[in-house]
Amino acid sequence: MEGFTHLIPFAAAHEVIRQGRRDLTLVRMTPDLIYDQMIGAGCAAKLVFSWGGNPGVGSLHRLRDAVEHGWPRPLALEEYSHAAMANAYDAGAARLPFAPFRGCPGDLARVNPNYRSVTCPFTGEAITAVPAMRPDVTIVHAQRADRQGNVMIEGITGVQKEAVLAAARAIVTVEEVVDTFDGGPVNSCILPHWTIGAIAVVPGGAFPSYAYGYYQRNNAFYLAWDGVSRSRDAFGAWIDEHVMQSGPDAFAVHAAQVA
Amino acid sequence: MEGFTHLIPFAAAHEVIRQGRRDLTLVRMTPDLIYDQMIGAGCAAKLVFSWGGNPGVGSLHRLRDAVEHGWPRPLALEEYSHAAMANAYDAGAARLPFAPFRGCPGDLARVNPNYRSVTCPFTGEAITAVPAMRPDVTIVHAQRADRQGNVMIEGITGVQKEAVLAAARAIVTVEEVVDTFDGGPVNSCILPHWTIGAIAVVPGGAFPSYAYGYYQRNNAFYLAWDGVSRSRDAFGAWIDEHVMQSGPDAFAVHAAQVA
Amino acid sequence: MRYTPDELMTVAAARCVGNDDVCFVGIGLPSAACNLARLTHAPEITLIYESGTIGARPSVLPLSIGDGELCATALTTVPVPEFFRYWLQSGRITAGFLGAAQIDRFANINTTVVGAYDAPVVRLPGAGGAPEMAAACQRTFIVMPQSRRAFVERLDFLTSLGHGDGGDHRARLGITTAGPAKVITDLCVMEPDPQTRELTVTSLHPGTARADVESATGWTVRFAPDVGDTPAPTAHELEVLRRVRLDTDKAHEGREPACPTR
Amino acid sequence: MRYTPDELMTVAAARCVGNDDVCFVGIGLPSAACNLARLTHAPEITLIYESGTIGARPSVLPLSIGDGELCATALTTVPVPEFFRYWLQSGRITAGFLGAAQIDRFANINTTVVGAYDAPVVRLPGAGGAPEMAAACQRTFIVMPQSRRAFVERLDFLTSLGHGDGGDHRARLGITTAGPAKVITDLCVMEPDPQTRELTVTSLHPGTARADVESATGWTVRFAPDVGDTPAPTAHELEVLRRVRLDTDKAHEGREPACPTR
């Protein structure tokens, strides 16, 4: 489930929680609130990530609770830097088995055996390598699909395109469906329909992150989440009310309010 | 001098010919008419390329004359496939020493010692590798620059961005200068001013190729070039009249005519 | 309705692809064939040109793979490195069309040079996108006129791999795609033998005799046990093809006086 | 004009960069500092956030590195893999700002974990863009409050390389960039010794004594022969900083009722 700050597929994550999925390996450069919720709800057995904080606010308390105290269950970590993960997605999309990049010496390579090295056959330099990222399923949120099922992403595109192209299957939630993308910028970020397995129309589905051109990031929610997520009880109550007793339609209000 | 069919910097090439440059190593995926002219004019000692034809028409006769008969001087070849060169530019822009890609077995690797192999440190697969492409100078043509010197390319962007970022220095010719790019698509292909050494305003400078949004490709010129370039004399007369006795202003008529 | 050999080849090539195909389209006959398919039986087909135009729907045939028409009608246009990395190398392209100056019995092709590489008799344009297309497209189709000069016992240069030395050679090289599925000439259609992968004539074009094929092939050509007849182009196919060709010729005459050469 | 330690740190950081700098900007104090520079002495400075926004000119400070404000005001926004490959790894970024939970005498930093990696006392957010930023930016500046808990003899985890074991260690590792050029704390400014690369106090903030620095540092801290005084923020700098902070707070209160938690 990618979406670099922008277009984070919260509605899809809530559906995963509601369906009671367990033992998932969650992959995301920035786990953000979306994985904090899924981890706290007990969906995850493993997290593959590169920066696990609440941006500009502080800790992800549910992530910390899982790592530090094993609550609600222990969480295995596979940890990279952003550069490593971005290159791994890129290699996944290109169907290369590994991604070479200029890594930084440090302890990450000590705790993650997926940091290896290749020797440049021309200069002899040792270049860091990580395996290509190839998720079983990638879920992203996008601004719009056309009637044929092509998907357009605009603004901060993060690693969404790479994550979709790297995955065995891809699911996309969108703000709306339009007739055609004709007349738009010719170099737009568009995923053709044959790269996508399923599309669900969920207006507001990226709340409290945002959809460029539709609604803004709700920074107040990110600030308030710090309080909600600090206590297991408050978190449980929040999930119960806003996820378990709710549904994808609840997101529509966010799309409408700030349009 | 890049520009994949689109935005080929002909005006800049003519200036290079007029200045009597010699012994150049010319790099370009598709030499096209631009290098046919420079080779025929005797500028080039070596050509690095991946497809040397007149698209949809046939041979580049000046290129063939140089390779087959050493006229006007012998031309060394360093030959790749498109995939190899595109990956090599990509690695150059990323400052990696080599580019790994899934190459195709064949004789290219036999005649070009720059085809080597790296072993994936995870799967053990042998992956083809070529050295990063790092030109001394890249020259491209673009639609527009803003007053700050940022450059925007729209339409078929080819390997222009990569070629600029891979080069030690970059020169750009543009159709026009605008005040600002504000209000354009947020994910446009823009090269910031600090990636570019010099900009020259040459309306029509891509003729007979084209500038998307400005003027169309002059396919008739490409068809007629077959006749002009077949004979050394006709070619010489053409270069004399249209390059040596001419100047960059001569391109402006092409920008105006089909706007 | 009468037709030329070129029209028959184009129509036969067009019939190789359908709505679900994602095609790597080269210029010339492949472009005509793919667009003919799009304008007749496969309106949903996806055409990709190596200039990075994905889902192009040109109204006239491009002279080059980078004509503005392709970009203007495409779903989107991506950088060329991205095209080769995310779209071709990834195996997402289901069908590719190739042409060649030389082909051998295992459908390996040469587009580089006639004669020795260092002292060529004819210097051809070279590889372009063909080698990785030959390796990464799920299936390829080779379209070229048949003659002893082109259908040779031994290539002067192996630019793009077909079935290698035959049999499971592709697989042994670690290549997972099917390789050349058909060779369409002006005389016949050839397909690789299921075991040996040697090209075998599977259908003869209307009016072609076995001897015509034999005399235009530089090796002892094999025929399938049940050689069929290539269906002739339909009137509709020919009409559509001729209309788009006519529109194209008009467009390519140019809006300006041609090459200013006196 | 009175000011807070945070304001002093922000102003001191802002003064490290100029018009020709291309800055990798992180969230929080670095973002405030870089935008302060842009709004005061360096109007032409280029700010790049790792979300891929190149040349961002936000009117309010973003809470996250991916706020819409950054994209809307940027020259362009590129995919994250492209950012890390073409823009950071290529060495095009001249200045980067880092913060940390722990730093050692050679300006190596830890943002990963306090305690053992497998049994952490405090799990920190992790690496993010920091390691490659530390390796690829031409110079880096580290900004963090000074305390014995943070300025440690030995890191629990080396997330991002500073000067390694000191001396020419970076160069021996094949890294060509200069590494940490300054550490700006709430007490002083430290710079690496030209030879040993050990952090050395080069200027004390107004009102700070040497003993204050010593008691807030987990190793025996060295002072340069000529320790200067950090210039206080000017009234103009403080005004601009406070105005942008005020605008930011207003914007972050949100347009909707906050987190719907009852």
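For reference, chains read A, B, C and D in written order, and residue numbers begin at 1 within each chain.
Everything that follows uses one rule, which is that a residue touches a chain if its C-beta (ideal position, glycine included) is under 8 Å from a C-beta of that chain, and two chains touch if they have at least 3 such contacts.
What you are looking at is a predicted structure, and each value in this text was computed from that prediction instead of being measured.
Looking at the partners of subunit A and subunit D together, the chains they share are B. Averaging C-alpha coordinates per chain places the centre of subunit A 41 Å away from that of subunit C. For the pair subunit B and subunit C, the distance between mean C-alpha positions equals 26 Å. Separating the centre of subunit C from that of subunit D, both taken as means of CA atoms, is a distance of 56 Å. The set of subunit C residues that touch two or more partner chains comprises 71-72, 77, 85, 89.
Multi-chain contact residues of subunit A, defined as those touching 2 or more other chains: 90, 95-96, 101-102, 125, 155, 157, 161-162, 186-189, 212.
Chain contacts here follow an irregular pattern that is not a line, a ring, a star or a complete set.
Working note: touching chain pairs come out as A-B, A-C, A-D, B-C, B-D. Looking at the complex, you find that subunit B touches subunit A at residues 94-98, 100-102, 114, 116-123, 125, 127, 129, 131, 154-155, 157, 185-189, 212.
Listing the residues of subunit A that touch subunit C in their complex gives 90, 93-96, 150, 161-162, 165, 181, 186-190, 192, 194-195.
Listing the residues of subunit C that touch subunit B in their complex gives 27-28, 50-53, 62-68, 70-72, 77, 79-81, 83-85, 88-89, 108, 112, 117, 120-132, 134-136, 157-161, 164, 173-174, 251-256, 258-261.
The touching residues of subunit A, counted against subunit D in their complex, run 4-6, 29-30, 49-53, 55-57, 59-60, 63-64, 67-68, 79-83, 86-87, 89-90, 101-108, 111, 125-126, 155-159, 161-162, 189, 208, 210, 212, 216-225, 227-228, 234, 238, 241-242, 254, 257-258. Within the complex formed with subunit A, the residues of subunit C that make contact are 20, 22, 46, 54-55, 71-72, 74-78, 85-86, 89-92.
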